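Note that the chains are named A, B, C, D, E and F in the order they appear, and that numbering of residues resets to 1 at the start of each chain.
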Amino acid sequence: MLETVILIVFAMIGISLLLNLWRLLVGPSTPDRILALDTMYINTIALIILYGMSFGTELYFEAALLIAMLGFVSTVAVCKYLLRGDIIE
Amino acid sequence: MELLYAACVGLLVFCGVFLILRARTFPIVLGLTMFSYAVNLFLFASGRLSINKAAVLGYSADYADPLPQAFVLTAIVIGFAMTAFVVILAIRGRADLGTDHVDGEKTSQDKKVNV
Amino acid sequence: MMQHLSFLPILLPMLAGVTLLMPPFGSHKKIRRIASVTMSIVVFFASLALLLKVQTDGVVVYAIGDWSAPFGIVLVADALSTLLVCLTTLLGVVCTLYASAGDDEKGSFFHPLTHFLILGVNGAFLTGDAFNLFVFFEVLLIASYSLLMHGGDKKNTRAALQYVIMNLVGSAIFLIALGVLYGVLGTLNMADMAQQVSQLQGDDVYLAKIGGLLLLVVFALKGALLPLHLWLPNTYATAMPVVAALFAIMTKVGVYSMMRVYTLIFGDEAGELSHMAQSWLWWFALATIAVGAVGVLASKSLRKLTANLVIVSVGTLVALVAIQTVEASAAAIYYLIHSTLVTAALFLLADLIGRQRGKYTDQITAGHAIMQPRLLGCCFLVAAVTVIGMPPLSGFIAKVWLLKETLHANYAFVFWPLYLIASLAVLVGVTKAGVTLFWRHQNTVLANNEQQGVNLPQIIALLILIVAAPLMSIFAGPLSEYALGAASQLHDFNDNIDMILSGGQ
Amino acid sequence: MTLLWIPLLSLLGSIISSRTGKLTRNQSTTLSLLMPVIALILTITLAPNVFAGAIFRESFSWVPLLGIDLAFRLDGLSILFVFMILGIGILVIFYARYYLSSNDSLPKLYAYLMLFMTAMLGIVMSNNVIQLWFFWELTSISSFLLISYWWHKPEARKGATMALTITGGGGLALLGGLLLLGDMVGSYNLDVILVSKELIQAHAWYEVSLILILLGAFTKSAQFPFHFWLPHAMAAPTPVSAYLHSATMVKAGIFLLARFYPALAGTDLWFILVSLTGLATLLFAAYVALFKHDLKGLLAYSTISHLGLITLLFGLDTKLAAVAAIFHIINHATFKASLFMATGIIDHETGTRDMRKLNGMWRFMPYTATLAMVAASAMAGVPLLNGFLSKEMFFAETLHQQLLGSMSWLIPVLATVAGALAVAYSARFVHDVFFNGDPIDLPKQPSEPPRYMRVPIEILVALCLVVGIFPNFVVDDILKAASTAVLGGYVPEFKVALWHGFNLPLLMSGFAVIGGLLLYTQRRHLFAFQASLPTVNAKQFFDDSVYNITKWCQHKINTIENGSLQRYLVVMFILVLFFAGWPLFEMSQLIGQNSATPVDMHNAIGAALLMFGAISTVIWYRSRVVSLLMLSVVGLMVSVAFTRFSAPDLALTQLTVEVVTIILLMLALFFLPQYTQKESSSTRVLRDLGISAALGIIVGSICYALITRPFESISDFFIANAKTGGGGTNVVNVILVDFRGFDTLGEICVLGIAALGIYKLLLNLPLLIPRSDSEGRPWAKERYPLLLESISQSLLPLALMVSFYIFLRGHNLPGGGFIAGLITAVAFILQYIAHGSNWIAQRLTINYRKIIATGIVIALSTGLGSWFFSRPFMTTWFDYFDIPLIGKTELASALVFDLGVYLTVVGSTLMILASLGKLTANEPKDGVHS
Amino acid sequence: MTEWIISILLLIGGFFVLVGSIGLVKMPDFFMRLHGPTKATTLGMASLLTASMIFFSSTQAGWSAKEVLISLFLILTAPISGYMMIKSAIHHKLDHIDRTSGKDNIEDDV
Amino acid sequence: MRLEAKFKFLPTPILSLLLFIVWLLLNNSLSAGHLVLATVLAIVIPLMTSPFRTKQPLVIKPGLALRHLLLVLYDIITANIQVAVLILGPNKKLMPGFVKVPLDLTQSMPITILASTVSLTPGTVSAEVYPWRESLKTGEEPAAQYLLIHVLNLEDEQALINLIKTRYEAPLKEIFQC
């Protein structure tokens, strides 16, 4: 059963990723795209967690952890760029 | 799967090279980055694709070829250093030449730099 | 210590580079200079010691981390690589010394970067592992990028930008090549690769061929072989001359790699793939000579002229490499040393001359009279005679030798006329430059405050390069013997393989 | 040793005299004369044996591998030339002392002269052809120095350059010829070459080598059409000209003909080339000489003409012709040297050489005039003088040849014409200078020169007479000896005598003399006719062609190296395309034997995201922020791919690097235009699309071909030895810090150097700070958003802990120093973003450069540690310990190495980003009131 | 039993993640789009991570709770990134649907 | 409010506790070794990073804090379900709006926590904290601070403000005693 559930959830995540992609492509504004990317980061975490479960290994956990940390930083950086142009001032 | 993988590599090469052939530094940097993604995937694939066989002892019966992974790691790091340098060089170029055109040609846009 | 001797040419520059960043060297100009020069001298003598050791005990294989080939990375110090290491470190001495006269302060980190560059070059010469070769290529490149911008002006920035981008693409191609080769051969230790190549069959042969040919592109780019030479003239002509002099060795790294790869891996034993690059190299080389000669005639400044002379020399070298006989390689080795030293000398001369001609710099036009015509004139005469290939200096030995060796090559009837005409072009170009710079002036000397007389470190540095010409001619006998020995070592497939894979026993 | 001493002495002389700058002119001269005189005596002592037919040989090995050695020989031919070179050389040195004005440096001239002398001696005494070429080129160099003696005069520079170019070019040809020759006979030794006539002339390369060698000879001996450099060489001081024209330089070319006569002569090609060139030169130059108003010009062309005569003689297919040639070499040397010296005197005394001004010199310098007139008559071939004898022989030989078959009669006729011309210009030299009315406004009041200045001329003129009257006593021996050398053993019976009875040659001489005088008396019409001809100035032609070639080259170079990076890159990519594509088409089938694994949904989606990301990066590359977002999608998906295909370490690295890269690009974007305007034409875009598509396809196919093929690699070794040998279970990391730690060491060096370089680049960088973003929106007011500030503070400790965790586990599980380093760096960058550089600067006072250095040093010294156990560099060590509380713990040197990596990464990354960030730290930006 | 829990948690997680992304696409203006990802996703991720936590604790020796850490990070950061994004949106003066009330509460940020 | 901790070596007890737990979580282990290591890190890291921390009020009422935390978690769940419903429901029903919430909190950390909770709970997202330092004169203290929030579906503005102030801000004031 778990396998099937995992597959279903894979599908859900996959669809969400595609939805994010859609928003990313159509925009219209840059903040929209940033938002899409940020969401994509988070959904990717979900994806990797699922990989881990379907493989039955925790080797990939750190990847998820890093995405959680770094996705935030890059989102912040981009927003700072939009706001101030100069992200380190 | 192999076909899909190869296709991705090919596509990345295509996009990367096209961007590298642009005239302005920033697209070129984008291109170089994408090209190096492609190259890393390529180099990585030279050890063949294997799923859930991470080369960490005790986590699976047989293991993916670790050597190309080590190569790619080195390549990524070096690539990062190089990208960083070329980015700064691009800034330097803009500052020195007043344009971000790689051949140092000034065009209408560069004249009215909004400073 | 003796057992680690073959590692010193890599270790010492790295140490030097790092320590020069630390206090007190990082902060005090004088101390830094003295330290830098001393260290480069030490490296030079270490390399010399290694050369002698190799002369007595034959090839030295140094298994880093005690992991024997093909699993670990091994350094292979043979007659050829050590000779080139000596050449490199000698240039290192010259350039650190020369720069200590003031050029080093026209930007930060000159000395550390120079040592890092030497580190990269030495590594490239010594390593026996293809991927490690890539790493050292990158080390020397990144160092060269920064040195290129040392005390640079706007023109320089543009040249640097182009040079860097070209080489980044080059590195990417290098990686693709390595990927293909590893994917086919399952190893990147050169000796092991050579063995695998000789056992290839089926379509794998063609995949390996792709790898080999892509490597050719990479080395051609590094070595400035036509049609990938285009970056060189501007890069070398706009770089600070002392840097350009140091760069004289870098094109040779490309050529050296060709020698290694296409004699060892794709050499006689490579079955279907043996000598696959030969004809490519040959024709590219000829084209390179032609274009270089044209460039020599076209040059408007002494630096540009010298840059084009570098191109000619690369073409000549590669032509010899392409012949792939022991004798030709021997000639190539001799020519390599000779051309590197003389072009370096010319770059330094261009600098010194330029300093004394004020706004005319090293432009080949009538300008101010040179302050020290005797000193510079004599040096220039020697350098000119050497580079033109006239007796009695090293140039003529090289010329006679390479004509002798190309005589029986296929298409020698193309090479000979081309080369002879190119030599004439060089003769004309260099003479014109010399006559104009030294004799055609408006009898005006710069005011004292503008004048920059040659000072001691500069002249010592220059003389080291200048005296090499007569010495290489006088001792041409032993030198040629050495070159032949090195070449035969290079070509001896089985010996190399066994030696490296057995860890030098 | 004796032979070696001859050139060595003159070289010594050169060095000595160059050091006599402080001495008086007389001392300098005597010192300079010393060495050549000794050399001459030495030669004289050897002479008897040589005349008796002995050949002295001496050789010292130099470059045995190339067959180059110092090999000297002294046979008849050599000794003849040695005598000329030394003898005339000595006279010239002596003469120069009086000729040269006190403000010209005598030592310099002497040094060059004797360097030149050395080179000539080297040529004529060489027994090895490469050595011969060696000295041959030395003559080119030293003559360049001599001709450019007065380098501040343009004509001197031009003359010298031209001479060097022509003779240098000839030298190259000669080298080629000689190498071919040596390759044919298998030795560069003359002894071997001279006896291999049959072998050589039967060889396929004979023609080529002959032509090349003749090119060398003709350029040097100023044969038509390479003659034009010689007249311009007279820009040199007259003593030099005297030397150049009589015994040296031009005679080197003649010597070459004589030297290789035994090996190369005897074929039709030889005769055609040599004789016709000679004939043409003989006539042409004689004719031109007539119209020169400059004395030296006249003499120069007469030299060319006489050299033509000699060449012609070598070309005639009779042995006696060769003898005549040698004889004329001697004679020409004597009278031409004296004539130049006489001219020198006239020039010296009157301050001009223009025959239109010089008239009636007889009254002012009768004695010099007499000498000059005698020499001139010798040149004209007047009986009782040496010139007459060789001229007679020459005429005689022109009669004995059947060169042109039925048209052979042409040659004697033309020879006579040439003779007439010679008489004419000699007559002009005599009459136009010494008589013909009064001088016209001379710069100086002429008078006899200082006594000793005439001595050299007297000696030479005396020689002319003696040889002319008692030939057999004076020249027989040396002539025979030389001829033996040239003809290789057999010498035909010949008798050099004043009177052979009434015969055709005598008649021809008669015609020549009468015709010559007639020509001269009727010269008005001839001059008029000449003036009507279009003037062809060879020098002008030479200069123009050099100029045009240079211009052409510059144009070509500018078109090839047009400074367009795009062009360069396209070239490279096309090359790659070809090299990678061509073998691909040779393959029988692309796909390998491995069974393909099926595609699952989420892989497909991942691929889709990657592809869309990539494509949209290209589509939006003009609006740069957007393209950056798209690029980061690609990066993200690449790292997902790495996790998917069992490379956790790669995934981690890729992630961290990608984020740092994005931030870097963001930083950079502030200093670059945010939009790229469209500029490349659509055709250009199409071309680029084509190239990149092709490349994509090729690389993709290669990748596909690879991953579908079975494969074994050396990697099993690593998996087997990671734990036992490397003490870690994460094989990739063990490879990075142990098996291939050396790569990693190099890699961190690259990182460190890059950081240094970037720091270097950013020093005193002129900034272009935009006041608003690309839509003209002024920047937001709030610099450091409140919530961001406080949250980033509390994230820092967490991040550091995570990075410590990643670092610690690296050896056994995915992670390691590099990733840990980047995490730390990112954590700090977040602080930079949230608080700004100044805020950090107040709190973080360590120098990143030092961190980098420390990192590398730590990594390096870990490697060096193994030396104390006398193991190779980087031999790792690890062991397990029981530490109370903590429990069983592994300590490994690899971990320390990884620490080095960690520090370098942190240092470099922060140095790069922070130094870029600091740029603007104190830059006020408009629209912001702070 | 645990399998059931895991499955349910997984499905809940998947659902909320999906809802977040749907919101991202469906909502009419940026400010409304923002709500989906910043909220729904956090819960979704939390439950997914809990699922994985239980999964590994049950399947493998010893317990596993590092997933908590990711949730922690997300809860710490999600509001801030949302805040930054909305700031940049305001800065870009992105238009909100007309019926949005209290627009005048927004201060001009330049 | 208190800014200085009792023990110099433990400047921020809560953070240290957090770190201690995080380490154990990361390593999935309660082995003696890790407990020791965790303690060390929990002390060392805060000390190392103290320069990068602006003085913030400390938690005075940990118990209350814990209760508040649980409350927020509960709210997150409910809020998420609400938002999910709103998102999946028809768009035209939604009445978005911007609301300015006057703040009694003054310190940045409490404000941040409040803003975050607001963003995570009922359909609201914190947008701005007014006024910006940049719009004040140097050294001037803000007269009153506001939190600008965007509401996905605004029924009663005042009710929302009250809810936020009572349910989230008041406890924080108590926890931090400010």
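The rule we apply is simple: a contact is a pair of C-beta atoms (placed from the backbone, for glycine too) under 8 Å apart; a residue touches a chain by one contact, two chains touch by 3 or more.
From a predicted model like this one, the values you see are computed outputs, not experimental measurements.
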item	value
Third chains touching both chain D and chain B	A, C
Starting at chain B, fewest touch steps before arriving at chain F	2
Between A-B and A-D, the pair joined by more C-beta contacts	A-D
Identifier of the chain whose CA centre is least distant from the whole-structure CA centre	C
Centroid-based (C-alpha) most distant chain relative to chain F	D
Chain at maximum distance from chain A, centres defined as averaged CA atoms	D
Whole-Å separation of chain centres (CA-atom averages), chain D against chain F	76
Distance between chain centroids, defined by C-alpha means - chain D, chain E (Å)	71
CA centroid of chain C to CA centroid of chain D, Å	16
Inter-chain centre distance, chain B versus chain C - centres from mean C-alpha coordinates, in Å	29
Shared-contact residues (touching 2 or more other chains) in chain C	131, 135, 138, 142, 145-146, 149, 158, 161-162, 165, 169, 176, 179-180, 182-183
Touching two or more other chains - residues of chain B	20, 25, 40, 42, 45-48, 52, 54, 56, 67, 74, 78, 81-82, 85, 89-90, 92, 96, 102-104
Residue numbers of chain F (touch at least two other chains)	22, 26, 115-116, 126, 132
Inter-chain touch pairs (all)	A-B, A-D, A-E, B-C, B-D, C-D, D-E, D-F, E-F
Residues of chain D that touch chain A when the two form their complex	601-602, 605-606, 608-609, 612, 616, 625-626, 628-630, 632-633, 636, 639-640, 643-644, 648, 651-652, 655-656, 659, 662-663, 666-667, 669-670, 769-770, 773, 779-780, 782-783, 785, 788, 795, 799, 802, 806, 813-815, 819, 823, 826, 829-830, 832-834, 836-837, 913-914, 916-918, 920-921, 925
Touching residues on chain C, where the partner in the complex is chain D	3-4, 7, 11, 14-15, 17-19, 21-22, 26, 62-67, 70-73, 107-109, 112-113, 116, 119, 123, 131-132, 135-136, 138-139, 142-143, 145-146, 149-150, 158, 161-162, 165-166, 169-170, 173, 176, 179-180, 182-184, 186-187, 189, 192, 202-204, 206-207, 209-210, 213-214, 216-217, 220-221, 227-228, 230-231, 233-234, 291, 294-295, 297-298, 300, 330, 385, 388, 390-392, 396-397, 399-401, 403-404, 407, 416, 420, 423-424, 427-428, 431-432, 435, 438-440, 443, 476-477, 480-481, 484
Chain B residues touching chain C - in the complex, by the definition given at the top	20, 25, 28, 32, 35-36, 39-40, 42-43, 45-48, 67-68, 71, 74-75, 78, 81-82, 85-86, 89-90, 92-93, 96-97, 102-104
Touch list for chain E against partner chain A, complex	3, 6-7, 10-11, 13-15, 17-18, 20-22, 24-25, 30, 33-34, 36-37, 41, 44-45, 48-49, 51-52, 55-56, 59-60, 64, 66-67, 69-70, 73-74, 77-78, 80-81, 84-85, 87-89, 91-92, 94
Chain D partner contacts - residues on chain B that touch it in the complex	1-27, 29-30, 33-34, 37-38, 40-42, 44-58, 63-67, 69-70, 72-74, 76-85, 87-92, 94-96, 100, 102-104, 107-110, 113-115
